[in-house]
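Read through the structure below, which is laid out as structure tokens, and then see the notes.
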Amino acid sequence: MTTTQSYSVDELITITAARELVDNSVVFAGIGLPTLAVSLAQNTTATNLEVIYESGVCGAHPSELPSTIADAVLITDSEAVLTISALFGYVLQGGRIDVGFLGAAQIDKHGNLNSSVIGDWDAPAKRLPGSGGAHEVLANANETFVIMRRHTARAFVKELDFCTSAGPDRVIAEGGTPRSRGVTKVFTEYGVMSRAGAGEELTLTAIHRGITAEDVVAATGWELQVSPELTVIAPPTEAELALLRDEIDPSGVYLR
Amino acid sequence: MSTLAANRKPKVMGLRDAISTYVHSGDTVSLEGFTHAIPTAAGHEIIRQGITDLTLVRMTADIVVDQMLAANCISTLVSSFVGNSSAGSLGEIRRRIEASGPQNLNYVEYSHYGMVCRYLAGAQKLPFYPLRSYFGSDLPKVNPEIRKVLSPYPGPDGKPEEIYVVPPINPDVAIVHAQRADQWGNVQMWGLTGIQAEAVFSAKHAIVTVEEIVPDDVVRSDPNRTIIPSHAVSAVVPVPFGAHPSFIQGYYDRDNDFYRSWSAISADEALLAEWLATWVHGTTDHSEYVELMGAAERERLSVAPAMSQPVNYGRRR
Amino acid sequence: MTTTQSYSVDELITITAARELVDNSVVFAGIGLPTLAVSLAQNTTATNLEVIYESGVCGAHPSELPSTIADAVLITDSEAVLTISALFGYVLQGGRIDVGFLGAAQIDKHGNLNSSVIGDWDAPAKRLPGSGGAHEVLANANETFVIMRRHTARAFVKELDFCTSAGPDRVIAEGGTPRSRGVTKVFTEYGVMSRAGAGEELTLTAIHRGITAEDVVAATGWELQVSPELTVIAPPTEAELALLRDEIDPSGVYLR
Amino acid sequence: MSTLAANRKPKVMGLRDAISTYVHSGDTVSLEGFTHAIPTAAGHEIIRQGITDLTLVRMTADIVVDQMLAANCISTLVSSFVGNSSAGSLGEIRRRIEASGPQNLNYVEYSHYGMVCRYLAGAQKLPFYPLRSYFGSDLPKVNPEIRKVLSPYPGPDGKPEEIYVVPPINPDVAIVHAQRADQWGNVQMWGLTGIQAEAVFSAKHAIVTVEEIVPDDVVRSDPNRTIIPSHAVSAVVPVPFGAHPSFIQGYYDRDNDFYRSWSAISADEALLAEWLATWVHGTTDHSEYVELMGAAERERLSVAPAMSQPVNYGRRR
């Protein structure tokens, strides 16, 4: 992606994701761009947003940007630290998370995710970290936002090499009852793909300035549907960029 | 880095408002506290508001349950122990269950761990929770909610293995009491913490009465002390002495005299009615109840300090 | 029971039970005589005995005798306080208790216990407290000691009115696999009844001085077997009585 | 009232003795610590003692697992995350699993909550633990230990409901690290406590390495801080800096430089062998490893104080 504006892809994705966060919701956030997006939303449109980290920290007040979900600065001055079993059992499976944030190596049109292997599971070309808590976030958070910085046909695939984390369509296909809407938004360098939940395909609903729908379709491994109401995303405002750069990540921990 | 929510809403409420907002006739209500920190004041406020037809869930159904029964708040009781500790009998509970009584209480009997597992299933939104209890007992015969499941793994002897399970509890509201909370509803507790966290997580709403609301920095100096995080709490209510006649570790002692006196009071329906008229209907709120206890009584139950040594959470240099 | 010695039934039962506790074991104790028995054992024959209370307190160092299992004096200065779910799940069901102590309204010859009702469960003549944790103690502690102060045919019955807590024989009869030996000792005003575990009846193995086996058989609702090696229990020693009265319960909280 | 056991045996051991006593070739070993308090020193001592053929159970298989694999300690790995946090790759794990590598590792893959539930089942001695995961996922296809059970209660739609379950973990030994313990093995921890208590309760034996052994009165001033009670611990081992390169809340910070450097080290088998030769085989124990780190490095990771405010446990007057 090229842009004539003076902001990076990371800044663009972070700001776009922040705008989609709704006030008064509880967000399960990983480290990196989700941390920034949540922090930006708390300072702009969703000032009563609550963040819970996979490590069990609730109500963090870190002295600086955390570099992992378990960074010591997240614990000191926080409001509560839960055990892992309480976090996964009572909070996540308990249905108390509105929005989860995930990344993945591969995603398909129904928002199923692969973070385990490239190639065959038994003898993979590349071994990836695996689920961690991703499987449970997708299964239990009411909806999940996915951030995929690089939008390529190798990542946006017709068939996953392996399904680590299943969306509601696959849950239903196996005879289960979904407890979540699955992936509802995917943020990439090109724009935003959206779906409401089970039965729907991820559809291109918004593109960044300077991008065409054709660019995105060509970079997607399945026949990507384009919304008839496709919009162009308003570029980052001076205020958003200033908050990100001067208040939230002044040392450039995540922003490149 | 700023992560403070600018328009965050405090969860502090008065007890009258909290009960009228979250407890309605016909609801399923969990009232928990295992000998320590029994939410008595909340039970009394339910009586004052004339709420009826409750399904009351409480592991140790003790004096406050006897009082709520006498005040006709409860139509179903789910419990694993109906007794006044080792201090005697609960007159009203016995009258409502025994053959000689009116038998108008629907009593659902479990063992303690059966109740614990129901809360664990409720908090985790599981369809059931397995436990190594109930084989050979008559409890499953009188409680059809206690069922069996076949394990998909072979047992230790290589043969198929069955295990009992209990269903989740998901009350409309859980009510617990604790030492303190901040204005956002982060609840800190020490001493016996019982099943309170699980009860709160299992419920749709949660009211937490506390001895005191403390400044944010007190809670945040020790986040591991928080047993219930803000996001699981609907209302946090300052109610000093809110657990009397039970005790609050570090705040006041158990009123053993009151426990012992309850056998005689509850054995006599007239005495029990008089007790409710004086102490519950005769007081507009718990602060009047505490006033009625008197300074000498509060002094008798007071405790001397035994402070914890601090730990270091560390700060990046 | 009458005795010419200057000790009470409670003292006699406490001292008899204390002598049966084996060193290095973990005991799950209720309040009252079990608390005294455990304390006496710790000061005599089982100095490395560990006590865990149903309230979750481990390593209690109370400033005075506790009046309930949850007494504040048990918590202050203790070594650990467990949540109820950890106590019942990880410690008790986890198989970490060697000896449990229980009482009951009725007991049968296989050590099954009733603490729920006298009469029919649906319309009982007398409603009792119910299981509390008794059901789980009997099911999970390796063995259980029962203290029944009054030895009468109404308590030692042929058929329980209701089985609240089941011993291994009833577990097997229902097709389960017992996880415990069930009741192995019963201490009463008359003596001690014993069994090793499933398949055995409670048998009179020891009697207090001044008691005959016939006395005990007559006071028991089933045909009580008497051990051919029936022994007479050595009376409390001066040392045991002094410890109990002067060190363990100097205010007479439990000793009458 | 005296309840002190006169001849109680302290559980303090040296690390060498603790590992040689409780860890044997062929054992199933749980090594837990979720980013915080990873028992690295214990892993290194297992390498030093040449223990092999372990079934290693660890939710987040990270640097210490990479090192133990390179030292040929592990034949089966049970995990839910094989990655070096966000700091890069684990070279040895990838070589042992990927098609281009020797493929001599038996890898058993779960999700995080699947692992948590295996510990919960293990600690509670349950035949299985139910969880709301795995529908639609390929994980059950590659892991036949993940199975289904039919709930004996109707689902929300009134129809029969199936749920996935996982089997218990009951390792021969669990190894965890914490801030402190007393000589009896009462372990106190704050900050992220992870799955450590459940791992210990699930195991036949437990080794707990700690930053320091503290006097009894420190532990007893705050019994709610004890996350693992004495009776569940086989050996408690003082090992300062025993979690490096991970961190200990209030003691030292995470060595992010080391995490970042591991990608390059582990990518090259010769570099990795050299690292093990210098830092593990080249040191007789962890105190020499800490010596080798140097004073400047320890200073770099040091933290400033942020003390908790005390609470009152109360004392009867």
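Read from first to last, the chains carry the letters A, B, C and D; within each, the first residue is number 1.
The criterion applied here is as follows: contacts are C-beta pairs under 8 Å (C-beta built on N, C-alpha and C of every residue); 3 or more make two chains touch, one makes a residue touch a chain.
Source: prediction; values computed, not measured.
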Report summary line: Listing by label each chain that touches subunit B and subunit C gives D
Requested in this report: Look at all chain centres (mean of CA atoms) and spot the one farthest from the centre of subunit A.
Outcome: C
Query - Pair of chains joined by more contacts [C-beta pairs], A-D or A-B - result: A-D
Query raised in the report: What is the distance in Å between the mean C-alpha positions of subunit C and subunit D?
Result: 39
Query raised in the report: Counting in whole Å, what is the centre-to-centre distance of subunit A and subunit C, each centre being its mean C-alpha position?
Result: 58
Query - Intercentroid distance (Cα basis), subunit D paired with subunit A, Å - result: 29
Query - Sequence positions of subunit A contacting 2 or more other chains - result: 57, 72, 75-77, 81, 89, 93, 179
Query - Junction residues of subunit D, two or more chains touched - result: 124-126, 131-132, 155, 161, 190-191, 193, 197-198, 224, 249, 253, 303, 306, 313-316
Query raised in the report: Which of the chains touch, listed as pairs?
Result: A-B, A-D, B-C, B-D, C-D
Query raised in the report: So in the complex, which bits of subunit A are touching subunit B?
Result: 26, 38-39, 42-43, 47-52, 57-65, 72-73, 75-82, 86, 89-91, 93-96, 179, 247-249
Report task. Under the touch definition given earlier, write down the residues of subunit A that touch subunit D in their complex. Result -> 31-32, 54-57, 67-72, 75-77, 81, 83-85, 88-89, 92-93, 112, 116, 119-136, 139-140, 162-179
Report summary line: subunit B contacts subunit C in the complex at 34-36, 59-60, 79-83, 85-86, 93-94, 97-100, 103, 109-114, 116, 119-120, 131-139, 142, 155-157, 161-162, 190-195, 197-198, 247, 249, 253-254, 256, 303, 306
Query raised in the report: Which residues, counting only subunit B, touch subunit A once they are in their complex?
Result: 1-9, 123-126, 182, 184, 186, 197-198, 201, 219-220, 223-224, 226, 228-232, 313-316
**Report entry** Complex interface listing, subunit D residues touching subunit B
**Finding:** 124-132, 147-153, 155, 161, 163, 165, 167, 179, 188, 190-191, 193, 218, 221-222, 224-225, 249-251, 253, 302-317
